[in-house]
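Multiple structures follow.
One chain, subunit A, links the two complexes that follow: it is found with subunit B in the first and with subunit C in the second.
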Partner chain A sequence: MRLIGVLVVVFIAAPLVIVVPMSFSDARSLQFPPPGYWLGYYHAYFTDMNWLRPTWNSILIATATMVVTMVLVVPATFALVRHRFAGKSIADLMMLMPLAVPHIVMAVGYYSFLGDLRLVHTHLGVVLAHTCLSVPIAFLVLSANLKGFDRNLERAAQSLGASPVKTFIHVTLPILRPGLIISALFAFIQSFDETVVAIFISGRDAETLPRKMFDSIRQEADPVIAVISTLLFVVVLVALVAPFAWRGLRNRIQMNASRSAPPAGQ
Partner chain B sequence: MKATISSLSDRPNLWPWLLLAPLAAYLAVFFLIPLIDVAIMSFTEPRVSLANYERVITGSLYQKVFINTFLTAGLVTLSCLCVGYPLAYLMNHSKPRTAMLILLLVTMSFWTSFLVRTYAWMVLLGNNGPIIAFLRGIGVDSPPQLLFTRFSSTLAMVHILAPYMIMNIYSVMRKIDPVLIRSAKSLGARGFSLFRHVYLPLTAPGIANGCVLVFVICLGFYVTPVLLGSPREQMIAGLIGHQIEEFLAFGMGSAMAMVLLVITLAILAIYHRRFGLDRLWG
Partner chain C sequence: MDHYLQLNGLTKTYGDFTALKEVDLAIGKGEFITFLGPSGSGKTTTLMIIAGFEKATAGDVLVEGKSLSGLAPHERNIGIVFQNYALFPHKTAVENVYFPLQMRGVSRSEGLKRAEEMLGLVGLSGFGQRYPKELSGGQQQRVALARALVFEPSLLLLDEPLGALDKNLREQMQIEIKRIQRTLGVTTIFVTHDQTEAMSMSDRIVVFEKGSIQQVATPLDIYHKPRTRFVASFIGESNIIEAAAVEPAARKATAEHIGEIEYGPSELDVEKGTPVTLMIRPEHIRLSRDPKEGRRNVRMKVETIVNYGDNALVIGRVGDLSMRVRVLGADVVIIKEGEDCHISWTPDSVYMIAK
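Up next, the complex of A and B:
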């Protein structure tokens, strides 16, 4: 069992590791190990509008998707977690439905639906579609956080005379902040990575990065993809490791601060 | 007294509806209508008839693609299980630091885009890639074509979907009380019988979760089979895309999409009745 486990680690790690040296290659095609190293493809990526435009489109679309998703999901999550009402289980199911439908089916639907609305090949069209796909993920993260919320904290605030609105702003929101941030981040990533719907509806004008990568891999396997892969990979690594590093750093700073400064009252 | 209580609880509370209304309206317009569009097109394009379904169900090409898709999804699910179970076991039985590192690796793989991982397999399995070079090195004169075959797309899908399996199994395995294992051992359970009678039943919920998730995602997989697979052995999603992009055959594309949708929902509905859908992605 143990030996198989180690082999599996290699199997999982190898494809993640290989794109990094590839991105520094000076070969014109896919060749590994690369014959030599240079930064040419990084230069190519950062100067080529054919790559920068889709990158920018993706950031724009993912940001808009995140905002719309959160505006819709936050109130709905409060309704579903904190209230009991007829039809609640159907509403719960409805929230998860977009996750259950294969993306290719949605792609066919959006191609025709957004085509009728003349929104196909527009940023708005992609945002409208991506929001549906981001809703379940944002909802799952946020509802898990909200279920673990200790409502006695709100009751305490209200018993001390805070109005419901004040309680919400000064008690509920600050406690939920980590959950809200993670939920929004998931919505962003879902849109940023979404490929299938984008392939069919984003067209040339609203072309997203995954669509451009898909086309490029299908046609010529441009080594610039290795550069983008490496960059995305680094972003993921930083996002995963940063919270730990930040916590460690903060603890150290706090320790230093508490050592040097007398514990005075505020 | 009784009357006041019942009238209080009978009074509909409007708050949840108000909070829910914007999202419900949004999903009704931008999620349900496009889906209904697909359903309608499957019956009306190019003209009102059942001809599209007839062709999907009886046409030999379509039957072949459906069977191929099911076999591939089954193979990928089984492979993910064979890959995921030992790894979850290894994580559960190594030092916290090692387990943490493996978990970080699996999470990284999970968060790395499908496309990036598909591209990486293209490099690994390509004719100028390390695996072919290795085969040449050990004396295989004419190494087999690896890329653009069923082998390459299956392998890449296993790699892409394995994190779902690993995380599902690991999360139940971590909760197994070590006392149970120790007492089973003290009662003489060893090796396979320990696995068969203790580990397997205790991790069954995680296995079920992982298998359903991997199978369902695999059924509708578009990107990896299209990029890495053999053009002669398409999967359903690839064929749907092909109908739409190449032939603008919305009727056929929609009919196949509906069949795929019904199969997917049926599997999830069975799962939902037994376990509840919200646990699947939890």
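Up next, the complex of A and C:
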């Protein structure tokens, strides 16, 4: 059993770890193990507009996708989780449809549809397409949170004198905040990560990072790809560790503060 | 009784189902009233209508003569403690208690001071900075109570607030809630399906069944003078005897297996020969080997003895009639399962029930 565990970890971790040394490689293309080490490709990445522009595009598009997704998903989730209305099950199904349809099918569909609207090769086009893909994911995360939400909390707030709007601002929203943040994050990552649709419709002007990486690996296998992978890996790692570190820090501060307070218990 | 809170003909239907039918009730200022009944009897529905979370199909709720029906829940100035406490998890105890004051525009410094005072009243001074999840069930309960009282509500509603606590803590909280309620003099409605809670805490008990009120009376009257069969069997244990009135003037009836049976004073008028329902509480029956002199004696065959230590429940048969008798623990040695014995009672402990 332990051996299987180790193997699983190795298989999952190896591709992640392998790109790190490759990013410091001085080889002309992707090669492992690297013949020598230097930082040249980091320099290349941070100075080459051919890489920086797609990076900026990706950040821009992912942020816009996140915003549009949340604007659509928050009210939709409240409606679908808390209310009954005619056609609710169809609406539910439509929300989740993009998860079931293969990306390549969606991509072809968007290509012709957005083509008619003259939105192919524009930022707006990519944002719209990515939003369609992000909506079901954000919806799933948020609806799970909302279903677990104790409505007595809202009733309590109202009985204590909070109008429905104040109840939403002071109680519903803060308690749902973790769910909202996670669902927004998923929307962002889904767009940042998306390749298939981006290849079809992003074109030159709105070229995203995954698309550029894909093109690059096909043509020259530029080790800058390893640099980008490493950087993304570090960002994700920091994002994962930061909440734990923050919690640990806060607990320590609280421990110190409560040491002088009376002990708990009944 | 003065009429601080009035329920006039409250009715609530969901499609074909009638959850509440024409409930009328008047409650005096400062009273501690318990709504008692099994689940689905309409007690929580009534509470939710008073709080404004449910809309009555018909009827009205009045506080000091003014109708609440046009008011949203947040305009009613009613404090509620929910079964699961519903404390805001993202706020500390003192911020939870400050919340209703914040909503009423009280400044933060003044509001937090009053919240701390209220926490002191419920016995939680020094716990204000804790988050709800850092408090025990009983402490959360006290915070919820403080939060529902700090804004001086016109009514306090408690929706089965003790259900989640263990037995010892529950008894402690019963005394505590009663003390706080007396200190503040707030008119209180307490909803429960637990009859001992209702008995020990209330000024008056309202017994609900199937969407209507069965009886409104003090705990003692509910116990000793139940108006209906349902009340008699829901509160405490009882022996119900179907009989026929023989001589209403002399309060005499006759029942199968028992024969002639006398009953205590009753407000009910019965005609000679009509069927009547009589009730005897198990602890009012005496059990002995030999007939007791000067009392009505009936032979009973003992079937089961359940010993509780300080007392015992003896279940036996008089003919086809099952009877339950409570005896003191020390007296149970006189009898064994399967033996015959005598049971007796005084006419005063036989109470006639309307239906």
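Just so it is clear, the second predicted complex is superposed on the first by the 255 of 266 C-alpha atoms of A that agree within 3 Å, B and C clash if a C-alpha of one lies under 4 Å from a C-alpha of the other, contacts with A are read in each partner's own complex, and residues count from 1 in each chain.
Basically, a residue touches a chain if its C-beta (ideal position, glycine included) is under 8 Å from a C-beta of that chain, and two chains touch if they have at least 3 such contacts.
As the structure is a computational prediction, the values presented were derived from the model and not from experiment.
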First, second, both or neither for A:Leu52, with subunit B first and subunit C second: neither
Partner contacting more residues of subunit A (subunit B vs subunit C): B
Contacts of A:Ile253 with subunit B and subunit C, given as first, second, both or neither: neither
Contacts of A:Ser163 with subunit B and subunit C, given as first, second, both or neither: second
Which superposed partner A:Leu39 touches (first subunit B, second subunit C, both, neither): neither
Touched partner set for A:Pro174, first subunit B, second subunit C, both or neither: second
Touching partner for A:Leu153 - first (subunit B), second (subunit C), both, neither: second
Shared subunit A contacts, counted only where both subunit B and subunit C touch the same residue: none
Complex interface listing, subunit C residues touching subunit A: 51-53, 72-74, 76-80, 82, 84, 86-90, 99-100, 103-104, 126-127, 129-130, 134-136, 138-139, 147-148, 151, 169
Residues of subunit A that touch subunit C when the two form their complex: 150, 152-153, 155-164, 166-167, 170-171, 174-175, 177, 257-258, 261-262, 264-266
Partner subunit B, residues of subunit A touching it in the complex: 1-2, 4-6, 8-9, 11-16, 18-19, 22, 27, 29-33, 71-73, 75-76, 78-80, 82-83, 85, 88, 91-114, 128-129, 131-132, 135-137, 140, 144, 189, 193, 195-196, 199-200, 210, 213-214, 217-218, 221, 225-226, 228-229, 232-233, 236-237, 239-241
Residue ranges of subunit B in contact with subunit A within the complex: 12-13, 15-20, 22-24, 26-27, 30-31, 33-35, 37-38, 41, 83-84, 86-87, 89-91, 93, 102, 104-109, 111-124, 126, 128-130, 133, 159, 162-163, 216, 219-220, 222-223, 226-227, 236-237, 240-241, 244-245, 250, 253-254, 257-258, 260-261, 264-265, 268, 272, 277-278, 281-282
